[in-house]
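Lettered A, B, C, D, E, F, G and H in written order, each chain numbered from 1.
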Amino acid sequence: MDTQTQRKYVYEPSKTTEPDFPSTSRPKGSPFFAHLITFLILFSLWILLSGKFDLFHLSLGIISCIIITLISGDLLFPESKTKGLIRSWLLFLKYIPWLLYQIILANLHILYLVFHPRMMELIDPEIIKFQSKLKKELSLVTFANSITLTPGTITVYVSVDGNFHVHSIDKKSAEPLPGEMESKVARAFGEQ
Amino acid sequence: MSDLIPFIVAKYNYWIYITLMMIGLYAMIAKNNLVKKIVGMNIFQTAIILFYVSIGAKKGATIPIIEHAHGDAHGAVSHTIEIAHYINPLPHVLMLTAIVVSVATLGVALALAIKVYNRHKTLEEDEIIDQIKGI
Amino acid sequence: MHYIFLYTGLFLCLLMVLSLYRAVFGPTVLDRLIGANAIGSKTVVLLILIGLIYKRVDMFVDIAMAYAMLNFIAVLAASRYFQKKKGLL
Amino acid sequence: MSQHYPALLVIVPLLSAFLISAAGWLNKRLCFPIAVAALSVACFSSVLLLFQVLDEKVVLYKLGGWSPPWGIAYSVDYLNGLVLVVVSVVALLNLIATQRNVEQEFSEKIGAFYTLYILFVTGLLGIVVTGDAFNLYVLLEIASLTGYGLIAMGENRAPLATLNYLYMGTIGASFYLLGIGYLYIVTGSLNMADISAILPSLYHSKTVLAAFVICIVGVWLKMAFFPLHAWLPNAYTYAPSAVSSLIAPLMTKVIIYVMIRLMLTVFTPKYIFSTLNVSDSIVWIAVIAIVMGAILALGQRNLKKMLAYIIVAEVGYMVGGAWLGNRAGMTGAILHIANDALMTLCVFLVVGNIVYKVKGYAFEDLKGLFRKMPFTMGAFVVGAMSIIGVPPTCGFFSKWYLISGAIQAGHYGFMVALLFSSLVNVILFFRVIEISYYEPFENHHGQESHPGKIAEAPLTMLVPLLIVAAGLVVVGVYTGDIVNHIIEFAIPKGIV
Amino acid sequence: MIWQLDLAILTLVVVCAIAAISVKDLLGSAILFGAYSFMMCLLWAIMGAVDVAFTEASVGAGVSTVFFVAAVFRSTRRTKD
Amino acid sequence: METITSIKPLLAVLVSLCVVPLLMSSRSPNVREAWTFVAASAKFLIVASMLPVVFNGFEIVYTVAEVIPGVAIKFRVDALGMLFALVSSSLWIVTSVYSIGYMRGLKEHSQTRYFCFFALALSATIGVAFSANLLTLYLFYEMLSFATYPLVTHHQDEEARSSGRKYLLYIVGTSIGFVLPAMLISYNLSGTLEFSRQGFLAGTGSRGLTGVLLVLIVFGFAKAAIMPFHSWLPAAMVAPTPVSALLHAVAVVKVGVFSVVRVLTGVFGINLLISFDFGPFIIFVASATILVGSFIALSQDNLKRLLAFSTIAQLSYIVLGVGLLSPQGMTGGMVHIAMHAFGKITLFFCAGAIFVATGKRNISEMIGIGRRMPVTMTAFFIASLSITGLPPCGGFISKWYLVLGSLQAHQMPVLFVLLVSSLLNAAYFMPIVYKAFFCTPQEAMFEKGVKEAPAFCVVPLVITALISMVLLFYPQPFFGLADMMVKSITGG
Amino acid sequence: MRMIALIIIVLSGGLLLYATQDFPQWADPASPASLHLSPHYIQKSMEETSVPNLVTAVLADYRGFDTMFETTVIFCAGVACFMLLRISRQTPEDRYYRHISTGVTIHIKDGGKIPDKSKEFERIDTMWTPFDLVIKTVCRFLIPFIQLFALYVIAHGHHSPGGGFQGGVILGASIILLAISHNLRTATKRMNEKLIGLLCVTGVFIYAGTGALCLLIGLNFLDYSALASVLFLDPVSARSFGILIVEIGVGIAVMATMIWIYNNVSSAGKYDEGL
Amino acid sequence: MDIVVTALLVIGLVFFTGGGVGILRLPDFYTRLHPAGKLDTLGSLMMMMGVAVFNLHHFTWGALLTSLKIILIVVFIFLSSPTATHSIVDAGVRAGLVPWTKKERRE
């Protein structure tokens, strides 16, 4: 890289509000139901991991799950909102196959790029910025990770209010953003 | 050629462990940076662990966890256990301990390095010695 | 089948060399980090393959899982460095 | 309960270290009493254990109920019975004597300090008592890690010195581990007695030779034997006084015990002295160690550093004595472990008292101390006498055996080196004594000074010091009993 | 034991070790050390030492690299050699 | 010879050791001095109570602890030890009294320390006297070296520092460098260190090795001030005079000589020395020291230094006596321990008394002092006669026996040496006495105000002067003890 | 220095290479190491301890004493790091606070203080950076699962690789992950220093205490079969159970120590804001 | 069955190869992250799937659980890999690495 033409990419984290996790994570409403769900999720995971169904190991599992629920249950469901949880999950599951498909496409694209003899001419990296309509933290994160997984794009920066910076490897990858994916994510998290 | 491979295989682990160990030792003696020395120290220790684990390896044996252990409460195993079927567990046990020791040493060494840095604002040994002599 | 796994593993080792090249000669630290991360992801697969070769996959899955988790932590820690300390050097 | 002494010796301090650590978070005042109680129990059981050994020759304790080659066993014979008593007594005395220093220097982290202290002692006791080669490594690491933590709390250059110590110590311990691995690869065993039983058929194996060399070099690194001593002086000098008076007497001595244990029990004396033909050259290295230690000590202008170099020389004494290959030399080496522990404790406790009162230990800080702290300096003189080797202090007798061994082995170089080092010690110590005797007291560190007044250290520091000083003479007078009833049996019959 | 893999990984390990001590940047050294311990973990898995491999995986990847980075974070990355 | 086990020797050693804590704790000088006096008397009484036993031909033995197989810390009271112990313990009483006067008269500092170490030094001296083997002897020898260091350097000034350094270097250096290896080698040769009548080295080593050991031992006990290891002695004269008196005329130097004698007789044995023909060597060394020491003494102006060189010369008489290897020579040498002690201590006392009274140290400043301090100078005169070896003083006896011994041994050069040295003695003592008494009033350097030193100073020196006169007529018990000893070692 | 190092490594490497000549072949089933002690372990441990994982059986039972000290080593390291780095006395220094809803940073000099538990203000330091949304959220989800996995590893040490140490490290790593993805204060609020210290002790104490309990019951130290009389089990199961208890102790101790070391190292003892 | 497994493995290997080559060939840090982040993830997915399928060869409940565990690992990788990629790229931006672009090169 030529030092004379080197220009620093200036990065300015926005000064706007970012709800901080520990101070906002105080549970509102009854935490019991949230804890129960946490416990059930964890316990199912335990069974999956353990593969032993005798009383001893199950009781160990119950104890472990209770411990985890107590010490870090609030990490899983900071808002203690449990309404509509199952529905949103189902929606999310619907989103996954599409995502996988996109991922495979993306990978084939990258694979093509990588093995192309004149790769340097094909690629044209740039950083694009756009504003997302998504509001929820979770959907933003899902969107960001989806972007990272799919065609030639990596989320560089995402702020709470949906300000995205995305690095794309070529023009073709950058075009569809935010596009279809955003709406799919929004649908999965019930924002539309 | 057909003789060479068994010959190499028979001792390759030991040669490599010596190489690694010497790399670590060289770093510990010759490197000037304190954290580099700590890296060297860890390489040195892993080399020894490699040596021990190589001792334990056994041709045609599987990992030292009893298969199909249908032992009842009294621990009586329903079928006899072939010695040749399981890898020698003892070196593994020893090396678990050694790994733990190396982590503990690493923690203390890094704490010390930070302490040195806080005092001298550098991690280069010669610069620190110059500072000490200068005062 | 045994040999397929073995040669797959060997091929993965070969691929590791590529990542290792980046990790060793990467011009910046972050390139090294990419290399290390890539080695890590190959390692997870290799562990499972070794399990298959030993015919004891159930024992190796745990290791692979722990590996996946902790590799993630290490990468996060290394990149977190740059969030707090500005500048590449 | 009597069959559990070997375990209690280690377990009681270990458990109490945890209690102290908890007390450090809950109620700091409990730390010291628990520590004293724990070490008293350890002391008590070590003495009882020694008596048990005198009756039964070897006390074997199977940990976990597994018999030796498979499980870990503690085996206490005459050799470690003696060293155990020394370690626990020295640790206890130092604990009491340095209480004030610790309060002065570590008021914030007293819990952590005593935890590390007791764990250090636990590690040493464990090293001495264990009969398993790998267990020894783990305990060695405990002693080393706690040692690093303790030493690094000293002033200015301590962290750097400790870091160097850590590098060297780790190399040493790893070498030891590697040597044990080499033994394991040819014998398949980790129990010391078991290894030595298997070894005779392997005397000419290259692996055993390498194992021996690696083990010994590792142990030498840890004990700061001459060419490998570079870490020791700084580490001991910059350590806090309460720590240097613990580590200086015990660490190197226990490692020398390990060396002797390796020589006598693991690699049998026959292998060491007959099959290998290296004892002569090692004694020559010891000669160089002694001479260099003495000469380097001459160049120091700082009491602690001078003492540290003297320790380097003393290590040469013991290694040389052990490698002379005859009974007298070995007796001298073993006896010197006990004696050197006591006399080093004595002089380092004096340094502790001086630091407590004067806040310094450079030669300039010592001016006029005879007038200011007559009892402390009196004890210093006794310690100095012992290090010089003046009868009836114990240092003389171990030197006697060492020189006697040198003469019997026809190794006059070693004899000359010992005498030379004695003479240099005279110069070293009398230089210190002159400074503190002739020069008027000067106020260096901004304290109230009353030049004429006696300002002794508090009684809790003084009494243990005087006990140690008296102990030097008492042990000296009873050397004959120690040798006849303990050390005589500690050395295998094979060594003539 | 799987000697083919063993040979391959052993060779890589040496490269990694040499790189880790010769990189002129402590953070890079820490990262390479992490990679080194990945390979060590593999090596032990290859030799059938599952528990050791597990320990190395958890320690090498999760803890010691993090410690290294933390220490470098609290001191400096600069190194002359 | 029969032996009796008794704790008395140990008591004799310990009595002054026990008094040290008492001394340290007592604040008032009176109490302190009283304790010193009590201890001194007790010690003398204990020693004296053993005298009849020894005269009856018994040996008193007491073993404290066996420190090394075959070697114990052990006391044995035989004739030679008794002789030496008697001299030193009796002189401690006198010196204590004198110290009181001297120290108080000069208002010295740190008197507590002074008396403590004095007591320690005496313990060590008695210990040397009663030691039954070389190890015990060495132990107390070293103890004495270190106990006297604070006494030598009592003034804590630059001069004291340098001479203290010299003192230690010579004494400790030789004992560690020479005696210790010699002791170890002989232990390894013979397996024992016990003094025996024939010498335990007899028949164990070659002539060369024995010769090396002999050299190591003769020069190793540097307290005996045999040249060339003598120069600590003049340097040590910076000490307060009672110290010089007791320690450098009696305890320290005599311990050195005593050790040499003890080793020559008890370790090597007379027969061995004769058969290997080592006598001439000892005689040569001793004679050289005598002559050179006397010549140097001639040129001294400082009185104490003069006395120091005189001591160097006189000590070698004792070695010479033993080196003659003839019974009468040996008797003479041993008796000389006592005779010289009484004479020399008087001289030192006198020098101290002069210093207390006038503050003068140099001979050239003492002209006419006899007029002002007649008692002191009379005593000085008597003592100098004794040292020169003239009647009516005790010194005559020892010198007479030396002459007889040299005749017996057919060593004519020794006669010559003795003659010359006597002349020299007279040459350096007599002018002092002459100038002190016989000078014109114009030459006299003292005002009327100068008088005798305090009674605490004068009485002891009078006593010792009288004793040294009495010894000519009643040389018992010293002569008897020496005789017994010689008979026992020569098997006569 | 470089020359010396080269000489040393050539010498020692030469020695080691020389010694390899006499080594048994790699992975030789007939090597002494595989024939002397290990057959007993392989054949007997299942019936003596009823633990299929031989490594766990040997680690926690046959050589349980080693493992106890191994845990102690970790504990030592924790205490040593604490001792070395912790700066306990907080001098009144500049403090930075951040108003959470507006993001305004307040700098307070000379010891002025806003309570740490304020709802509106949050204490930060000069190195503060805003949380990365993606990392934060993903880690929040992952941590409970990592912890569960860790506990699974501890609990299943008998049957599959793993055990107290590995589980403890992973458990510790999960808290470290929390500290990395959020900040150190978040982690220390969840698990404060005193709790860590006490957990550390508790873990080791469980181990050594189990051993001591065996001794008090009347058998040798760490002889878990003594627990049979307390737990109403047969000796073999008691051994298995004892191993589990011990593993839990190891897990707790290792977890706490790892967090402790990380906290101290990453904040250089100030406990303000870590990596 | 074996064919499916082999195919999955080979496809995974192809992706991995792409990742490796991409890491080597691409010009700068940001672009290298694309293959590293994506191809490796998909490669592991494929290979893990292959292994999971192979594991069900001899169907037992235990084998099923193992396969599920393998899939759990895949899920985990899918969660963590983009996050790791994101954090690395974020680090690169904060460290001030200039992204390589074609325009700059032409100028």
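A few points about this structure:
Everything below uses one rule, namely that contacts are C-beta pairs under 8 Å (C-beta built on N, C-alpha and C of every residue); 3 or more make two chains touch, one makes a residue touch a chain.
Fair warning: this is a prediction, and the values are worked out from it, not measured in the lab.
Between the contact lists of chain D and chain G, the overlap consists of B. Relative to the centroid of every protein C-alpha atom shown, the closest chain centre, again from C-alpha atoms, is found for D. Among the pairs C-G and B-C, the greater number of C-beta contacts is found at C-G. With centres set at the average Cα position, the gap from chain D to chain E is 37 Å. Separating the centre of chain F from that of chain G, both taken as means of CA atoms, is a distance of 73 Å. Chain B and chain H have centres, each the mean of its CA atoms, that are 29 Å apart. Centre to centre, using the average C-alpha position, chain E and chain G are separated by 19 Å. Residue positions of chain C touching 2 or more other chains: 16, 33, 35, 54, 58-60, 62-63, 65-66, 69-70, 72-73, 76-78, 80-81, 83-85.
Those residues of chain B in touch with two or more other chains are numbered 9, 12-13, 19, 21, 25-26, 32, 54-59, 61-65, 90-92, 94, 96-97, 100-101, 103-105, 107-108, 110-115. Touching chain B in their complex are the following residues of chain G: 1-2, 4-6, 8-9, 12-13, 16-17, 20, 23, 25-29, 31, 33-34, 37-39, 41-43, 46-50, 52-55, 57-59, 63, 66-67, 70-71, 73-74, 76-78, 80-81, 84-85, 159-161, 165, 234, 236-237, 240, 261, 264-265, 268.
Residues of chain D that touch chain B in their complex: 134, 138, 141, 145, 148-149, 152, 156-157, 159-160, 162-163, 166-167, 170-171, 174, 177-178, 181, 184-185, 190. In the complex of the two chains, the chain C residues touching chain E come out as 6, 9-10, 13-14, 16-17, 20, 23-24, 26, 29, 32-33, 35-36, 39-40, 43, 46-47, 50-51, 53-54, 59-60, 62-63, 66-67, 69-71, 73-74, 77-78, 80-81, 84-85, 89. Those residues of chain A lying in contact with chain G across their complex are 13, 15-23, 38, 42, 45-46, 49-50, 52, 57, 60-61, 64-65, 67-68, 71-73, 75-76, 78, 137-138, 140-141, 144-145, 155, 158-160. Residue ranges of chain G in contact with chain E, taken from their complex: 26-27, 53, 55-56, 59, 153, 161-163, 165-166, 169-170, 172-173, 176, 180, 258, 261-262, 265-268, 274-275.
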